[in-house]
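Below are two complexes that have chain A in common, paired first with chain B and then with chain C.
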Partner chain A sequence: MPVTRTVGAEAASPSSAGSAAGSAVSVAAARAGARSRLARRVVARHGHPREWVWGYLMVAPLALGLAGFYLWPIVQSVYYSFTSWGAFGGQQWAGLANYRAFLSDPQLPKAAWNTVLYSLLLLASIPLSIVFAALLNQVRGRSVGLYRTLYFIPVVSMPAAVAMVWRWLYNGDYGLINYLLSLVGIHGPHWVSDGRFAVYAMALVGIWSVVGYNMIIFAAGLKGIPRHYYEAAQLDGAGRVRQFFSITLPLLSPSIFFVSVVTVISGLQMFDYVLLMLGRSNPALADSKTIAYLFYEYVFLDHEQGMGCAIAVVLTVALLLLTAVQFRVQKRWVHYA
Partner chain B sequence: MTRKLSALLCAAALVAAASACSSSTSAAGGGDATGPVTLTYGIWDPNQKPAMQQIVTAFEKLHPNITVDIELTPNADYWQKLQTEAASGTAPDVFWMSTTRIGLYAGQGQLLPLSGRPGFESSPFPASLNGIYTVGGKQYGMPKDYDTIGLWYNKKLFDAAGVAYPTAAWTWQDVIDASKKLTDPAKGTWGIASPDWTQENLYNDIFQAGGWVVSPDKKSSGFTDAKTLSGMQYALDFITKYKTSPTAQQMTDTDPSQLFASGKVAMFTDGDWDALTYKNAPGLQADVAPLPAGPQGRATVINGLANVIYARTPHADAAWEFVRFLGGQQANAIQAASGAVIPAYHGLGDAWVKSMPQFHLQTFVDQLDHAVPYPVSANTGPWATADQTILDQIWAGKLSLNAGAQQLKSTTDADLAKG
Partner chain C sequence: MRSQRLWPVHVLLAVGAAAMVAPFLWQLLTSLQTLGEATHVPPTFLPGWRWSNYAEVFTSMPFLRQFLNTVVITVVRVAAQLLFCSMAAYAFARLRFPGRDVLFLVMLSVLMVPSQAYLLPQYQILMHLGLLNTLTGIVLPGLFSAFGTFMLRQFFLSLPLDVEEAARLDGAGPVRIFWSVMLPLAKPGLISLGVLTVLWSWNDLLWPLVVTSDAGRMPLSVGLATLQGEHVTDYPVLMAGSLLASLPMIVMFLVSQRRITEGIAFTGSK
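Moving on to the complex of A and B:
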C-alpha cells in the first residue's frame, strides 16, 4: 500500500506537526502517491506503461486551445467564404459568388504581383543574413552579445513604431534619407507616396526587420558545422571561398530551407506596412496593395466578411501549394548531414 | 514557500475576478428605472474628452442612479469597432454618429428613433443638421456640434510677401493671385495647400461652382456635371497649372495641416476643428477668413456630429435621459467653453467664438447662411472610400480629371443603386 506508506511517513515526520508548509508538502506527496498508484494499476492491467495517456493529457491544454482558436476558426472561415454578410451580421448562403467576385476583382492582378514581388525581395534577406551570421561567427568575446542585440532589435520592435519611424525617414521633403542623398547631389523621390517606389521601400523595411531573426538561426546552423571539416579541407588545399561553397553552404542548407519557407509565408501575408507606412489615402496605395491588404479592405472597411473569408481561403491554399513545392524541391539541394 | 505564495496570489486573483464578475452582473441586472444603471458613451476625439467628462459629471449630479462610462476609441478604429460591436449586440448605449454613417445605422435598424420621445425638441439646432439625421421621416440623432470650413491664412507669410489679408469680398481669382505671390520655391513655402480632401476642400469648390455631388433623390452623382468639374479643376489647378500648392505626394508625406501649422503654406481651407491645433502651433500667427466666392457665389460644407442611442441597449430610458441632457443648453454651453467644437445649440456659438479671441472664429458661425449639407446617401461609406482612391489617382496625375470624373460617377452611381 504505497499511499498509506507515504502519507504515514509524512505524518510521522516532525516538520508536518502543525506547520502549514509541512501540510502542503504532505498533500503534494499524497497526490504523487495517488498518481503512482494509478500508473501502477494501468501497468498491472495492460502489462505495459500506457504513457500515451499522460502524453495526451499533457498536450491537452495546448491542443484544445489550438483547436478552439485556430482550427475551428479555419473551418468556420471556409464555411463563411460561401456566405454573404449583412452590414450588422446575419449571413446568407452565396455559393461561389465571393470567389467569383474576388477572382474578377480588377485590383487582384496588381495585388497578387505586389505580394509576390514583396516576397521575392524579402528573400534577399537570406544571403544578407548568412553574411552577417558568418561575420558574427568570427567575433570573439563579449561583443558577440552586443552585436546580436543590435541586429535583433528590429525583430522585437513593434511594427507600428517601426512603420512610423521609417515613414518619417522616407519623407520626400523632410526625410533623413533624402537629406543624405541630397548631400551627394541626388534628388530623392517620394518613397512611400510614389507608386513606383513604395513596394521597394516597404521591402527594404521588411528585410531590415527580419535580418536579425534569420541571422540567429544561421548563427546556430554555423555553430553546428564540425570544425574538423574545415581542417580537412584546409589540408586538401581549399581556400576560404572554396570552403564556404563546399562546406558551409551545403551544411547550412537545412537552415536556409527553413528560413526561406518562413520568409515566403510571412512575405505573402504582408499587410502591416501597407496600412501603417502608406495609409488609407495615398496616391501610391493603388499600386502597392497586397492580397492581405485587399482582405483588410473587404472585411474592415466594407464589412464584407464573406468576401474576406474567400480571400483568406485562396491565400491559404496558395501558401500550402507553394510550401509543398518548396518541400518537393528541397530534396535536390538541402543536405542533412 | 514561494510555491505557496504563488498559490495564494492565484487564489486572490481568482477571488478578485469572481467578485468583479458578480459586481458587473449586478449593475447590468439593475435595468429598471429605480435601480442603478451604468451607461457607456462611445466617443472618438481625445481633445473633447475633458468636455464630455464635465457633461457626464453634471448629468450624474442630476441623476444619481445613472452612471456614465466614457469609452474613447481613436477615430481610425472607431467605426470598425462599432460596427463589429453592433453586429454582436455589444455597442455602447449612447455613441457619437457622423453624417456619413447615419444612413447605414438608422437604415439597418441599429438606432432608436428620438422623434416622439418625451421632451424631444429639434428646434434649437440648425435645420440642415436635423435634416441629415432624419431617416425615413424620423430623427435618430441629437445634433451635438457643427463645423464649417474657412480660409485659414498665415499672417507672417502674407506680411512678408506684401499681400493684403483675405476678406469676405475675395473670389477664386483673388486666391489664385495671392497664391502666386506667396509661393517662394527658394524658401520652400507655398501659397496654398490644395489636397484632394472632400470636406475641407473639394466639395466646397464644387458647391461654389454651382455643381453637385449627390442628387436630392440620392440616386445619381454629379461628378461629370460641367460645373462640378470646374470646381474640381479650380482645386487641381493650384498643383498642376499654377504650381502654388505642394504636390499630392508631398501632402501625403507631410499632412497639409501640419505644413500650414509649421509655416510652410500661406493659405489652407480647413474646418473650425483645427482652430485648437493652430492656436497651439509654436510661432504660427494665423487667422481665418470666409471661403472665397466662386462663379456661383459663396458656399461652405456644413457637417456635424450627433448623439444616438443604440437600438439594443437594455437601458433605453436612461439612455434617452442622457441624450436629452446632451442636447440641452447646459451640455452645449460646456462644449462651447472648451473651444473644441461649435455647439449645435442655437445662440451658443458666441461662447465658442470667445474661447479663442486671436482668431475671427465668428467667420465659421456666419457662414451658416450659405452652408450646404455634407453629401450623404443611405450608405455613404463605400462610395466615399472608393471616391477617395480615385481622387488620389487624379491628384497624383495618374488619371486625367475627365477620365477620373467618369470613374467617380460610375463607382458612386453603382453604390447609390444598392441603396
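Moving on to the complex of A and C:
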C-alpha cells in the first residue's frame, strides 16, 4: 500500500514541475514534497516517532546491561590479549607476545587434544539419544512421562553435586564401578586420578548428563514427522530398519544439526568437571586440563591475565569458525522438510 | 499384536532409565551409611539409616546460609530477566524504530561468544564497584540475558496480531498493550524462560566461583566445589549434602516437567 502511494507521487511530480510558475517556488514545493515523502517512507518502515521512543525505552535496560556487562568486556578482553600485566596493576602493550607464548606453551598440545577428545566423545550422546527418543516414540500412555522424568533427572541436577557422586562411583578403592568390574575379574584403575583415564571418565559423565536433554529435542523432532510417510514406506515393503534410515534420519537432520552444534560448543568449553571431579591437587590434572581450564588457571590462579585473554580470544575464534563450518556443511546433509 | 512387539522397547528404555538413576540411588544409599559401612570392601548394599549424616551437612559447612544465598540469587535473576527480556523482546518483535534489527543482531552476538571472552572484565567491573564477594555482585551480569530476549522475541512473533490491533484501536499505548495484553498472552513463554533460568542460575558455577572467596557468601554450587577441593573424605556426609543441593531442582522439574520440556523443544526448533 505505501509503495504504490510513493510511486504515484513520483509520477505526479514531473508534470507539476513542467508549469512555468517560477523555478524557486517549484523547487521549494518539490523539496517540501520530498521531505514529506521521505517522512512518510520513514514512518512506513520505522513507525511513528512516538513508537520509536517507546521502542528505545523498552529495549534500553537490556541493551545497556548487555553492553556494559558483555559487549564492552568482550572488546576489553581482546585488547587485554595484546597486553602484559604488571604485578601492581596496569597493562603494557605487548603485541603478539601472549599469542606466541600460548602457542609455545608446553601445556597447549595436551590441553587442545583433551578438549577435542572430550567434544568428540560427547558427540556419542547423539546416536544414543536418538535411539532412546525413537524407542520412547513407540510407547504410549503414562510410561512416556515416567521415562522422560527418569532420563531428565541427570540434566537438572547440579554439576557440582553430580561430580561428587561420580567421584565416589569412580573411587579406586571403594567405588561401585571398580567393585562391579572386580566381579568379572577386572582390576579397575583409579579412574579420576589416573591421567590415562580421567578424560574418558569425565566424558562418560558428560554424556550421561546430556542424553535426557538431547532426547527431548529429538522426541520433538520425531513427533513432527508425518505418519503417512511410514505408512507409504510400509506399503512399499520397507522394513523398520530401512524406514529408520530412509525416513527418520533425514527428516530428523535439522534436530541432529542443532544438537551437534550445541554439543560441540559446550564440549569445547568444558571446565566444570575438570575442577569438580579432578580438583586442583589431583595427580591426573596435568594430563587432563582443557583449554577452558587453562584460561581459568592463567587468569585467576597464576595472574597471567594477558595470556588468559589470548586463550579466550583463540577459543572464541575457534568456536565461531567451527560453527560457521558446521553451518556450511549442513547444506549437504540437513534436509528441511 | 502391538503390545507383544512393545516389550523389547520397554526393556531397552528401562535399562537406559536404570543407568540414569543408579548413581542417585547409590548416592542415597551411601548418604545413609556410616563412613565404615561406605568404605567397606565388598560394599554393603543395605542402608544404615544414619539420618544424622543429613544433620551433619548443616554443621560441617554453612549449608543453610549457602542454600539461602542460592535462593536469593536465583529469585533476583529470574525476576530481572523476565522483566528486562520481555520488555526488549516485545519491542524487538512488534515496535518499529530505526536501528532495531541491527541492535537485535548486536545483542544476539553475545550468544555466540563463550563466557571466557567476558569473564575477566566482568570481574574487574565488580572489583571497581567494590562488589566482589557480595550477592549483588554475583547477581549483576545475570540480570540480563541475550538468550531470554531471543526466546521471548520468537514467542511474541508467534502470537496473533489481531488482539493487539484491537487494543490499539481502543486507544491503548505500547506500554499498556505490552503490559495488559501481550504479557498475559506470553505467559507460557515466560514460564518456560523462568524455569530454564532457575535451572541455569541454581547450577551456575564459574562466575560465582570467581567472584566469591568467603564461604558465607557462596551459592551451593561453589560451596560444594570448595568442599571437594579441601579433600573432605567423609563420603556419606558429602553424598547427603550433594543430594540436598540437587533436590530443589529435581522437585521443580517434577512439578513443571511440561514447561521445561516444552521450553527445550521450543529452543531446539528455532
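By definition in this document, the second predicted complex is superposed on the first by the 268 of 337 C-alpha atoms of A that agree within 3 Å, B and C clash if a C-alpha of one lies under 4 Å from a C-alpha of the other, contacts with A are read in each partner's own complex, and residues count from 1 in each chain.
Quick note on the criterion: a contact is a pair of C-beta atoms (placed from the backbone, for glycine too) under 8 Å apart; a residue touches a chain by one contact, two chains touch by 3 or more.
Just so you know, these numbers come straight off a predicted model, no measurement behind them.
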More residues of chain A are touched by which partner: chain B or chain C? C
Looking at the overlay, what does A:F300 touch: chain B (first), chain C (second), both, or neither? both
Examine A:A286 and indicate which partner it touches, taking first as chain B and second as chain C; both and neither are also allowed. first
Chain B versus chain C as contact partner of A:A87, first or second or both or neither: first
Would you check which partner chain A:Y174 touches, where first means chain B only, second means chain C only, and both and neither mean what they say? both
The shared contact residues of chain A with chain B and chain C are 173-174, 279-281, 300
Sites on chain B touched by chain A in the complex: 1, 3-4, 80, 83, 86-88, 104, 108, 110, 188, 246, 248-250, 252-254, 379, 381-382, 385, 388-389, 392-393, 395-396, 398
Report the residues of chain C in contact with chain A in the complex, numbered from low to high. 6, 9-10, 12-13, 16-17, 19-21, 23-24, 26-27, 30, 38-43, 83-85, 87-88, 90-92, 95-98, 100, 103, 106-107, 109-110, 112-122, 124-125, 140-141, 143-144, 146, 149, 173-175, 178, 199, 202-203, 205-206, 209-210, 220-222, 224-225, 228-229, 231, 235, 238-239, 242-243, 245-246, 249-250, 252-254, 257, 260-261, 264-265, 268-269
Can you tell me which positions in chain A touch chain B when the two form their complex? 20-21, 24, 86-89, 170-175, 190, 192-195, 279-286, 300-303
Can you tell me which positions in chain A touch chain C when the two form their complex? 42, 45-47, 51-52, 54-56, 58-59, 61-63, 65-66, 68-74, 76-77, 80, 131-132, 135-136, 138-139, 143, 145, 147-154, 156-169, 173-174, 176, 179, 208, 211-213, 216-217, 219-221, 255, 258-259, 265, 268-269, 271-272, 275-276, 279-281, 292, 295-296, 299-300, 305, 308-309, 311-313, 315-316, 319-320, 323
